[in-house]
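Residue numbering begins at 1 within each chain, and the chains themselves are lettered A, B, C, D, E and F in the order written.
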Amino acid sequence: MEKNRFSPVTATVLPRFAGIATFMRLPYVTPQDPLHAEVDIGLVGIPWDGGTTNRAGARHGPRHVRDASTMTRNVNRASGINPFALCNCADLGDTPVNPVDLMATLALITDFYTTLHDAGIAPLSVGGDHLVSLPVLRALAKNGPIGMVHFDAHTDTWDRYFGDSLYTHGTPFRRAIEENLLDPKRIVQIGIRGAQYNDSENDWGERQGIRVIDIDEFHALGVPGVLAEARRVVGDLPTYVSFDVDALDPVYAPGTGTPEIGGLTTYEAQQLVRGLCGLNLVGGDLVEVSPPFDQTGNTAFVGATLLYEILCVLAQSIAKRKRDATRALVSA
Amino acid sequence: MEKNRFSPVTATVLPRFAGIATFMRLPYVTPQDPLHAEVDIGLVGIPWDGGTTNRAGARHGPRHVRDASTMTRNVNRASGINPFALCNCADLGDTPVNPVDLMATLALITDFYTTLHDAGIAPLSVGGDHLVSLPVLRALAKNGPIGMVHFDAHTDTWDRYFGDSLYTHGTPFRRAIEENLLDPKRIVQIGIRGAQYNDSENDWGERQGIRVIDIDEFHALGVPGVLAEARRVVGDLPTYVSFDVDALDPVYAPGTGTPEIGGLTTYEAQQLVRGLCGLNLVGGDLVEVSPPFDQTGNTAFVGATLLYEILCVLAQSIAKRKRDATRALVSA
Amino acid sequence: MEKNRFSPVTATVLPRFAGIATFMRLPYVTPQDPLHAEVDIGLVGIPWDGGTTNRAGARHGPRHVRDASTMTRNVNRASGINPFALCNCADLGDTPVNPVDLMATLALITDFYTTLHDAGIAPLSVGGDHLVSLPVLRALAKNGPIGMVHFDAHTDTWDRYFGDSLYTHGTPFRRAIEENLLDPKRIVQIGIRGAQYNDSENDWGERQGIRVIDIDEFHALGVPGVLAEARRVVGDLPTYVSFDVDALDPVYAPGTGTPEIGGLTTYEAQQLVRGLCGLNLVGGDLVEVSPPFDQTGNTAFVGATLLYEILCVLAQSIAKRKRDATRALVSA
Amino acid sequence: MEKNRFSPVTATVLPRFAGIATFMRLPYVTPQDPLHAEVDIGLVGIPWDGGTTNRAGARHGPRHVRDASTMTRNVNRASGINPFALCNCADLGDTPVNPVDLMATLALITDFYTTLHDAGIAPLSVGGDHLVSLPVLRALAKNGPIGMVHFDAHTDTWDRYFGDSLYTHGTPFRRAIEENLLDPKRIVQIGIRGAQYNDSENDWGERQGIRVIDIDEFHALGVPGVLAEARRVVGDLPTYVSFDVDALDPVYAPGTGTPEIGGLTTYEAQQLVRGLCGLNLVGGDLVEVSPPFDQTGNTAFVGATLLYEILCVLAQSIAKRKRDATRALVSA
Amino acid sequence: MEKNRFSPVTATVLPRFAGIATFMRLPYVTPQDPLHAEVDIGLVGIPWDGGTTNRAGARHGPRHVRDASTMTRNVNRASGINPFALCNCADLGDTPVNPVDLMATLALITDFYTTLHDAGIAPLSVGGDHLVSLPVLRALAKNGPIGMVHFDAHTDTWDRYFGDSLYTHGTPFRRAIEENLLDPKRIVQIGIRGAQYNDSENDWGERQGIRVIDIDEFHALGVPGVLAEARRVVGDLPTYVSFDVDALDPVYAPGTGTPEIGGLTTYEAQQLVRGLCGLNLVGGDLVEVSPPFDQTGNTAFVGATLLYEILCVLAQSIAKRKRDATRALVSA
Amino acid sequence: MEKNRFSPVTATVLPRFAGIATFMRLPYVTPQDPLHAEVDIGLVGIPWDGGTTNRAGARHGPRHVRDASTMTRNVNRASGINPFALCNCADLGDTPVNPVDLMATLALITDFYTTLHDAGIAPLSVGGDHLVSLPVLRALAKNGPIGMVHFDAHTDTWDRYFGDSLYTHGTPFRRAIEENLLDPKRIVQIGIRGAQYNDSENDWGERQGIRVIDIDEFHALGVPGVLAEARRVVGDLPTYVSFDVDALDPVYAPGTGTPEIGGLTTYEAQQLVRGLCGLNLVGGDLVEVSPPFDQTGNTAFVGATLLYEILCVLAQSIAKRKRDATRALVSA
């Protein structure tokens, strides 16, 4: 097999613990690099947790996920997908951030993603806390609202914290809906659970039309039922995938800011992500890996593996769009 | 909503990591406090592990569960119960203990709980090793034996250790039955597993009439079947809930003295505890959280969340009794 | 009960944390010891990880599994088997190894096991990385190929690494088949998963006739279905059991060199091993416990418990063969 | 000895691991409590790390220092001081904070300390990152600049970070000098070390007149020489003590945001703090304990012990002022 | 070199991580073993912490020190002593203990050591908490009081805890003096520090004539001065060495029950122990290694190395007595 | 200040936790990169521990040191040296290695360094175990033996292990002397300590003329005396610096394969390395950082800081040689 310039370093040649750690051992491509123009999917770190209301640490997420992701191999045994054969994937580095200025950082992130979006690069991001999804969506959905498959223990559609703080990791999707970045009727939230601050906490989101599949309904429907419902909700239009690692049970992902017991297993999560294959995916993120609370490193490892699973379905979707576009061009 | 004096501090006002750690951020109420007379449910720590035959450390359980319990919110999403709205709940501090005198400590604990019992306060305790259930039951069941729903990997009805030691964390319920504090025919034990010292180990308990649902039968019956059987066994009479965290698989609760692989998941445990709603509950405990063996803190966190689940069903039961009593008074 | 000289130290007499740590608190029997001739099953450590291509550390496995195994009791609650009553079991210590010389170590291990084999002792080993199974099989199968029930996330039938390295923990069973130590048609591999280096990775093994039950098929068949298939594959002929702890999900066994998410639970593993009861077992191993990556010690504890489960079915098989031989002798 | 209401719980009566964790087992006194008016020294937590430019986590400092401080006893063996006999000391709880709003939090902290200052309570605080010293000084020095003995690896007089961010944990004392809260000629900084961003980094502070004793000069002068110089610099006027745990070598205090190797030992730190006895002290803080980076808990323990050492010299100073004031009153 | 039967396994032959862990890789010799009669120095574990008033865990000390002690080599570079060449050393296993019965355990330990004492074996023990020194001394000093060099942060001559508890790890040497096992005028205590419960805490011991060298005096005298004073105090009569690892600063020995900052370095401890060479030593112990609080394992490793240092000076003393006795016999 | 292309990323612009981790945030320069020809000092990782006789793990050293080294700033406060202003420094990535083939790896490493040497790049390496110094020296000293300042707890001049194994991390400098890569009379070894296998262990090295300054002599001479002696030994000829982190006391560097208590402090190590300024340095290495044994990450952090200290003196030496060469050229 002829290796292209976007191939990961292979572990049967150089051991996985060797070399500078980039996402999945992909080449690190800066905007100045001539390769940048050829990138289809950009893996990006957003090292920032300024929206965290409780335990911080997700600012260290990208580096630890990079390290763990060097364990990744190429071909998805279950689906047969080799994302690196389908698309040109690269590590685009981290966005600039300011750990002591929330509003400035939101702007810096949106700027970074606007550049990618304008270059036709589909982003797959690693947070950071969940607030980082908001500035990404501001770049990605600037031409109109998109749908979202959202894995999480929490709906993240709370209104405000500590009086009048509008921007926190508990509020990104309320803001995104208010800003018309997400179409609430095309949002499905999977894995929701845990106690609530008050009786009416989730009413707002469901009133907007969000389809909430809480953990009890998840078990009642089973993975196939949940997937059918998710596909029905988001349909064929452009869709974003946002995976908060606290969707998983804390034994799989202890290194996170707001764990809730009774969550998904990694096997269930793998089945769910694989089941998104064929959707019209435009990007995704994996957030809330918090290394200071991840003593065993398993959260970063789990995060890296699920990032690979998201990459597989995203690459399949991007490759299909490229193929379709080529055909359209040819037949035109 | 009008806040009463027994409301937990709210995380949307003060972050969860802030403030002195009491159980679920409830007020700390000493016997000298005028609020003491109004308490319905008292959360109490029993920082003692003098009955531990193997790995000690549960003496540190109450403090770590307090710390972890500041993550708790108010309303149980699954059941809709808000225990803090149903009952006056308070942190009553820790019982006095003597770490180098087993018999003295048993007496100190019973004294503490007798005072609560006489004041009409239902206790919800955090151990400590499982031997602490015995002195609690001596106070709680002094007017006659009660029933028990017991979650555990072990039956804790062993006779004696190391020759003639009668009081260990492997023997509390044998002693409680012998002392007529528990009615063995109204005891159900769920999650029992692990290898045994000899062939006849569990015969004594079952001969007394204890209903043992070991882990294989648990999987055979399923959660609804187990709950039906548990409710049949304990019936409508006063019932205690005792939850040893080693009922859970060690991945959920590594920080415990005598782990056994192949145990319950936290989701199963949540389903089981929620299924006790409507029973005639008079108190409960959560024991064997051993922080020195809980490097990630997850055991304390799991323990705190299950404590909240037990509180929900206990508060529902206490509130119902208060309502019934009021009605009886009114109609009299 | 009369204690024989091969009985484990009992925890109700001496606490489990006391005493020098041998496997399951069994007597340590050197070849010079007169007891050696009476041993039926020898528990052996192979403290070596020189075949590890990624994260080393399994060289420390035997000592940590010994420590954790002092938590073991005697009677298997699920099956009723007391292996120590069925067979004379002993800790035979560790094989000699050379941590800086791969080929020399393979020879040292084979020599050690040849001595055991010639003495009629069935080996139950603790690795060490998975390459150690190869020199064990060279001793055990020197008279012809045997079958194998193999629990693992990986097939370990890869050809070579880093150019021309033939002997690694990813290649033992390819070598064993090439050397006619294993009959590929009598091999079943359970729990296989994870991404692959390339599309054709597993073809070789399946072409030889290995029955691969990957994790998706495992869930599709269920434990009884998997067991039926495994028993069909290996039949009544001599069979080896090889358990790589990475067959388990990393939350159960984080301390291992090549974790893969989405694996077996310990309860499933217990069911699977217990289901091997009645097969014609000639030995087994438990490998890839890597203490430096096992911060909580749970991997060693899980490994020790599964070692006990394998011992139960192995003892049952050995005892049956001894009984049959005695009967044959008597009736002759 | 007659116990007053401000006595710590005694460990020979109740074990140190028992009871709700307050600073040094002192009573928790809220502003509503009648005892509040009698407090001389208030121990306060500031659970906030919003000024951290690198590794966050100091928001968890107060709770962990509280926990560790329950190991404290009463009488300083070296100096003979019993601070609890000299002054009424109490745990006043944590200040309100907003983890997602830097400027709002600075105001909340200053408000809290203004109330204490107006009530004549000397504050001894536990951070939080070092930026928290600024809002404390805004309350404490509102009537004019004070002096400071400052233990740290860094001068914390940097101008700005990330472009125009003025308020970070690297800038508090530049801001405090600019705001006329500290008299730079009465500041001594001890333990400064580590590489610098550029050649001119520390020029500003020294130009203002700060006396910087870096780690090499510390070793050259020895503890007595350093103490003589520190006492000369701050003189008899009101002086604040600020102790950043990163003044210590990271082996003593790994749990901190910006460690620098080659620092003070705890014994040296104890000698230094004890040597401040007799100065005109008006308050102090201990900052930058970051529990997520403190796996062994030793940083919190070291912090708690040094907090006790600062309390001893502060109590001695406060008691003397009270005595002097009483005498003045009597003789008037 | 001809190896005798008491030689440690050599690391250049078998790696240190291999093999069953005995103290310093010495042979494990049971009382039944014919070798037992030839043992000069017996290394013994006392796995018990029932006298601990605060953080338990030292019951696990012997096993972890055994594990760490496999790193030991033979010849002391500084002193040239090879203890294994001077004396027959062996691991005699652990004493029986009862973790739930304090008084019974004291008796079990004394019985065990009486047997050794009667067999002429000098004991070198590993605790366990410091209370274990008392039952050892009851066996060792049954013919009259002996002297002691005592390294510790605490004097351990407190009278009682929790009311009337006479036997705790804070009281062994008060009891030993009262029971005439130790001659207080021949006791020197080195490293004492930390805050005290009250002003008169240490008066009792010093009134009996104990020579207390607290940490400040240690630094004032320097190692040679301290050693001169220690040798003066204990003189030529039989002397015991008791080393509590909390004499060391907690960075060297975090895994202990009652750490105190500002302690000895390991280098100072090595100098001190080596300086005891030539004293008339009759036994020793190393206590308070508490593995559950020793996340990095360094405390066990430090403990094992200091155990080796004590063994060197003890072996030198025993060998000299044997030589003297032989000469006396020969010349008689 | 004009930034050149070899400047580290600045923390006041991008936080230290952000971005892909290269050594000291320097640019990653591959051999294909046009910048490669301009590199003066190349930082190289050697991720290999195949020569480890005891606890492996140093293969992970380069990646963890890279991560920790992002905490580095530019200007050495003590010496005023800014290495990045003096020389063009770059991260050249890791050497190829084969974790299962010792001899092949030695050759791969020598090839890599020969290329650097031929390109006039001075190497500063991060191990890996200490055996990696040998193949580096084979490239560096191919034109004749050089001198060495060697910091270590061990002399690493042992002959062979496990029978006939010549190449281990205990033997590199014996081999290097035998191969005429090092001039033994120009070697100084600092910090040597720990017990020895036998009486004659170190004789060989000293017989060749190595100047061994063991830890007791280190304390006797003091840092200035040791430095004077070291400078005398190596003189003005080309000299290599090899720093094994086990030269440090294990509290500073627990994450290493063969710790020995009683070692150097980091402050002493900093003084020693700074004192090499002005020597004729040609390269250096920092080895034996073993992340699996470095739970707190402090060893990697200490290693990274000492790497920076070595870089400072190396850069000063290289810059001087360049200056001298330029002058010679100009004046020619």
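The definition used in the following text is that a residue touches a chain if its C-beta (ideal position, glycine included) is under 8 Å from a C-beta of that chain, and two chains touch if they have at least 3 such contacts.
Remember, it's a predicted structure, so these values are computed and weren't measured experimentally.
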Longest centre-to-centre distance from subunit C, chain (CA-based): D
Copies subunit B and subunit C touch via same or different residues, half shared test: different
Centre-of-Cα separation between subunit E and subunit C, whole angstrom: 41
Gap in Å, rounded to a whole number, between the CA centres of subunit E and subunit A: 57
Where subunit C touches two or more other chains, by residue: 15, 17, 53-55, 59-60, 99, 161-162, 251, 293, 295-296
In contact (per the touch rule at the top): chain pairs: A-B, A-C, A-D, A-F, B-C, B-D, B-E, C-E, C-F, D-E, D-F, E-F
Of subunit C, residues touching subunit F in the complex: 49-57, 59-60, 98-102, 104, 161-163, 165, 167-168, 292-293, 295
Subunit D-facing residues of subunit F, complex: 1, 10-13, 15-17, 71-78, 80, 82, 251-252, 265-267, 270, 295-296, 298, 301-302, 305-306, 308
For the subunit D and subunit B complex, residues of the former touching the latter: 14-15, 17-22, 28, 45, 47, 59-60, 62-63, 66-67, 91, 93-94, 96-97, 99, 295
Residues of subunit C defined as touching subunit A within the complex: 53-55, 158, 161-162, 192-199, 201, 214-216, 219, 249-251, 254, 258-263, 293, 295-296
